[in-house]
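Structures are listed in the sections that come next.
One chain, subunit A, links the two complexes that follow: it is found with subunit B in the first and with subunit C in the second.
This part shows the complex of A and B:
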C-alpha cells in the first residue's frame, strides 16, 4: 500500500513538473545522437556550459526517425519551450512548415542558412575556409607530397569540407596529390572507427602522410591509426589535438558549441536572421595549443595567419562546393 | 494430435512472451533510476491516448505491415528475405521518380501509379537475389542482406549526384508537387469544429496496407499459387514430386515479397515526407522480420504485431521527449520484445506444451 502510494505520488509529481515547464530552451539532436564525439556533442557541450553557468534547465531529445523531426518541433513548441534549438541540415524542411505555425516561438537551426521565416535564427559555418587553412598546413607538413581526406557520409556538406581542404593544399603546393575517401553511404558512416582505421591504412599505403578526418565518431579511428602508424592527422569540429599529443597536426574548429551556448543565453529574446560564422568571428578556425606546438613551424603558422587575413579581407577566394555542386580542386 | 489448443498457440504464447519482455524492461528502467509505471503510462497515453498519438502509431504500423507481409510471404516458401530494407529504399526511388516526372492531375491516380512503381522497383531489387538462389544456389540470406548495402549506396549516389535540386545542401529530392500529396487522417476525419489526428503522419496508405493484408491472406490460402508456395515451403522434394517448379516458386515468392516491401514507400515517402531523403526506411525492413515472426507469418498476426511495434515506436518517442530515459534504452525495450516474441519462442512454448499435455492426461 505504501509502495503504491509513493508510486502514485511520484506520478503526480512528474505530471506537475511536466505542466510547469515554461520557457525552457529545448535542444533537438540529429540522428547521430548527442555523444557522437563531433557535431551533436559540440551542441551538447554548449548547452551543458549554459546549464552550469546559469543553473538553468533545458529539454532535449535525440531523434530516432525522420518522422520525429516535425513531431519533436511541434511537441516542444506546444509545451512552451523557447527557443527551440535544432541541429543539422535535415531540419530545414520540417522547420519551413513548423516555424510559421508558432510565430511566438523562436527556432534556432545550425547548418542551415537558406530558409525564410521571421522567428528563425539560422547559423551557418564557413567550413570551407577553416578546411582551407588546415589543407595548407597539411601540404606544408607533408614530406611525401600526398595528403589524405576521410569524410563521413557522402553528402554535400562533407564534400564542402573536402573541397576547401584540397584548395588549401594546392595553394601551398600545386603538385600535391589529394586522396579523398568517404566512409560510407549510410548514417553508420558517422560512427565507424574501424572503417576509419582501414581507410587510413589504405591512404597510407598510397603515400599519404597527413590525413584530415571530417567524419564524426569515425574520425577517432582515423586519428588513432595515424598516430599508431607514425603519420600526422587533423581533427575536426572540436579541438582533438589532445587525443594524441604530438601526433595530431591541428584541428579544424567549428564552434557549434558557441552557437548553441549563445542561443540559450539569449533565451526567448534571441536575435533572428541568418548568421554565417567564418574565420573573422572565430566560428571556424585552426586549433593551436601545447599539444601541437612542436609540429607547427613558424613558417607554417605565419602562412596560415596570412591566409586567414587574406580570406577575411577577400584577397583569397575559397570556392564553396555549394556554388555549383562541384569542386575545382578535387574530384569526388 | 495437436500438443495444445490453437488459441493457446496464437494468443497465449505471444501474450506471455510480451509480459516477460515487459517485466524485464521494467527492471531495466528501475535500474537506471526511473519509475517504470510512469514510463508505461507515458507510453500508453502518448501512443494511444489521443488521435494524435494514434496518428503516429498507425503511421509506423503501416510501414511495418508492408515489410512484415513481405517477410511473411517469403517465409511461406521457406525463404528468409532480410532485404526488405533495400527493397523499400528502391521502392522509394520508384515513388520519387513517378511523382516528380509526371504531372499527375489527382492524388488517387498518382497513388495507383506510385503503388505500381514502388512494387515494381522493390520486386526488381529482390529479383536478382531470387535468381541467384533459384539458379545458382547462392543463399538468399547472404545476397539479400548484401543488396541492402548496395541499395543504400545506390540511393546515396542518386540523391547526391542526380536527383538533388541544384545548389541544395540537403541530399534529398525536391518536394513532390501538391497534386501527389496523399490525404492524411487529419484531412480525412476532421470536421470543421473537431480537428483530429492534428499533424500526425498517418495517411490513406494505412488502408492500402490493410487491403494488402487481405490480398496476401487470399493469395496464400485461397489460390493455387499460394498452395504451391506453401507446399514448396513445407517440403521441396514433395513439391517437386507434385510437379511444382522450385525455380518458379522461389522467384515468384521473392518478387511478391520485394514488391510488398517496396510498397512501404507510398507511406513513408509519398504520404509522410513528400520527398525522398537519405535513409528513408530507418530499419523498418528489419522490424518487418520481427513482425512476421511474431505474427506467425499470418496476415492478421502481422497486422496485430505491426500495431504493437507502431505503439513501441511512438511510445518510445514520447519517453524520449518527456523523460531522461536515453534513447538507447528504448531500443533495448524494443529488442527485448523482439527477443522474447521471436527468438525465445520455445522458452515459453515448451513449458506450456508440457502443461497442456499434462492437463489432457489428467482429463483422460
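This part shows the complex of A and C:
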C-alpha cells in the first residue's frame, strides 16, 4: 500500500514536472464541443494548424458542464500548461477568479474584452467590419432592393453585427430597405430554428431576397428556409457556404482559428492585453469558395476588395454599435 | 388589399406555429384529464424531435423517423407513468426529471452518433415531410378573397398539420362520446368511483399517458422533420410549456384547446412579423407579445376570466386501500 502510494506520488510528480518543463499550450473548448461546425471547430482548426506546422503538442478538453470550467482551468494551470486558451464569453467569470491565482501562467480568452488581469490575453473581433462587407454583397445581390437581417438573442453583440450589415448595404444602395428581426430575448433564441424559419418567411413576404443570419443554431433554420424558398442567405462565424451550395451568398468569417493559432505560436511569451481583430489582421472576412463562386460577380468581389482596403486605411468609417448604443443605419 | 395579403401570411404562419402547440396541448389534455399532470411535454417533444430527425437522417425515410419519434416519446411517457402511477411518485418532479433527461440525452446521443455539436445532419428528399398542395390550389389562387384563403392558408402544409387539426374533433369524440372517454374523465375526477365499478384505474391512466406520448411524438417529429430539416439542441424552445399554458387557458377542453393554441400561435406570428407594433402613439414592444401567452394564463388562473378548475384528482396518485 505504501509502495503503491509512493509510486503514484512519484508518477504524479513526474507528470507535473514534465508538464512544467515542456510548457505545452492547452485549449479548452466551450460547451458546443470540438466539432460544432462553427466557433469551437474553428479553434480546433487553428490549433491543428499550429501542431502540423511546428510539430508541437497541445492539451485539450471539451467541457461537458458549466461546473467544469474552473476545474479545467485549474487542472491545466497546475499541470504547467502555458498558455491556456479558452473559448467564449462564458469563460469570463471563471477566468477572473482563476487567473490571479496563477500569475506566471498566461491565459487567452476569445470573445471577452472587458476583464482586467495582467496575465490575460483577451481577443475580440470587429464583427461590424466583416458584416459591412457582407451587407454590401447582400445589397448588390438583391433584386428587390430589400435585404434582411435575423439576429439571435437581442444583445448588443448581435446589434453590432446588424448595424455593420445595414451600413454596408446602404453604402451600395442608399435606398435599400433593411428589415431586421431578433429571434428573442432569452438564450433559447440561439437554438430556435423554427422561429428562424418563420422569421425568414415573414421577411421574404416583405420582399427580402437576401437574408443574413447571426443567430447560432437558429441560423440553421434561416439558411434552410432561404434555400427552400429560393432566396439567398448569408452565414456567420465559420464558413457555412457548404451547407446549401449555390444558395448561400457568402459567410461572415470570424477567424477564431487565427486567434488560437497566433496564441499558440507565441507560446508562453504571448502578449497580454486586449486585442480586437479586424479586417486589417484578417480577424474577420467574407468566405469565397467553390460553393458560392457562381453567386459572386466580379463587380461584387471588386467592390468588396475596395471597401476592405478603404476600411483598413480609414477612408471608410464603419460605426460600431457599441460607440453610443445606437446605429446610424438601422433602427432596432 | 395589401392588408389582406399580409393577414393571410400572418394566419398562414399562425397555423404552422400553432400545430406543435396544439398536438402537445391535446397530449397534455389526455394525460391531465386522467389525473396525471404532465410538465414533461417539452422533454417528450424534444426527444421525439431528435429521434425522428436522427432516424430519418440515417434511413432516409421520414415515416420511419416519425415512428421512432413516437416510440421515444412513448418510452418517456412510460417512465412518467411508472414513476407517478405505479410507484405513486410526485408527478411534477417526474415531469421535471423527464425534461432534464431529454435535454441532456438528445445532445449526448447526437454528439456520439453524428459528431456535429449536438445536431443531426440536414435532412433532404424523403427524409422530410413535404407540403401537401390541395387540388386546384394553383388555378384557384387568382380568385379574390377565396383564392388566397384556399391556396395559401389552407393548402401547402405538411400532412402532420392536418393530422393535428383532425385530432381536435377526434379528441372531443373520444372523450365525450365513447365509454373509454367517460371512464378516462372519471378517473381524473374520482378514481375511487371508477375502481368501485370494477374498471382498472392504473390501466386507464397508463392508456392516457400512452396517448399523450403518441401526440407529443408527432409534435416533436413535426418540428424536426416538417418545419425544419434536422434537429438542433433545445429546439422545442419552451413550446411544451406554452402548450401547458394553453391547456389551462382552454380549461381542459378540446375545442377550446384549439382556439387557445391558435391564439398563442397568432401572438407569436404577429410578434415575428411586426417587431414593434405602433398603435397610434403607443408602441407595444415585441417582448410584450412574447410574454402575452403567459400573462393571459396568469390572468385566467387568477380567476378574472371565469374559473379554471383542473380535474379534481389531478396530481394525486391513486391509492386503492390504506
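Basically, the second predicted complex is superposed on the first by the 222 of 332 C-alpha atoms of A that agree within 3 Å, B and C clash if a C-alpha of one lies under 4 Å from a C-alpha of the other, contacts with A are read in each partner's own complex, and residues count from 1 in each chain.
Basically, a contact is a pair of C-beta atoms (placed from the backbone, for glycine too) under 8 Å apart; a residue touches a chain by one contact, two chains touch by 3 or more.
No experiment lies behind these values; they were computed from the predicted model shown.
Engineer: Looking at A:92 after the superposition, I want to know if it touches subunit B, subunit C, both of them or none. Which is it: first, second, both, neither?
Structural biologist: Touch status of A:92: first partner only.
Engineer: Please work out whether A:243 is in contact with subunit B alone, subunit C alone, both, or neither, and reply first, second, both or neither.
Structural biologist: Touch status of A:243: second partner only.
Engineer: According to the stated criteria, A:195 is in contact with first (subunit B), second (subunit C), both, or neither; which is it?
Structural biologist: second
Engineer: Let me test your reading of the model: by the given contact rule, A:181 touches which partner, first (subunit B), second (subunit C), both or neither?
Structural biologist: The answer is second: A:181 touches subunit C but not subunit B.
Engineer: Going by the contact rule set out at the top, does A:276 touch subunit B (first), subunit C (second), both, or neither?
Structural biologist: Neither: A:276 stays clear of subunit B and subunit C.
Engineer: Looking at the overlay, does A:33 come into contact with subunit B only (first), subunit C only (second), both, or neither?
Structural biologist: A:33: touches subunit B and subunit C.
Engineer: Have a look at where A:23 lands relative to subunit B and subunit C in the superposition and call it first, second, both or neither.
Structural biologist: Neither partner.
Engineer: Mind working out whether A:217 is in touch with subunit B, subunit C, both or neither, as first, second, both or neither?
Structural biologist: Touch partner of A:217: subunit C, not subunit B.
Engineer: Do any residues of subunit A touch both subunit B and subunit C, and if so, which are they?
Structural biologist: Looking at subunit A, the two contact sets intersect at 33, 185.
Engineer: For subunit B, which residues count as touching subunit A in their complex?
Structural biologist: My answer: residues 35, 37-38, 41, 56, 59-60, 149, 152-153, 155-157, 160, 164, 166-172, 175, 199, 201, 268, 272-273, 275, 277-280, 282, 313, 316-317, 320-322, 326-327, 330.
Engineer: Which residues of subunit C touch subunit A once you look at their complex with the stated criterion?
Structural biologist: Those residues of subunit C that touch subunit A are 6, 9, 13, 16-17, 20, 111, 115-119, 122, 223, 227-230, 232-235, 237-238, 268-269, 272-273, 275, 286-287, 290.
Engineer: For subunit A, which residues count as touching subunit B in their complex?
Structural biologist: 7, 10-11, 14, 18, 33, 59, 61-62, 64-68, 70-72, 74-76, 89-90, 92-93, 111-112, 114, 153-157, 160, 185-187, 322-325
Engineer: Using the touch rule from the top, collect the residues of subunit A that touch subunit C in their complex.
Structural biologist: 32-33, 35-38, 40-41, 180-182, 184-185, 188-189, 191-195, 197-199, 201-202, 205, 217-218, 220-221, 224, 243, 332
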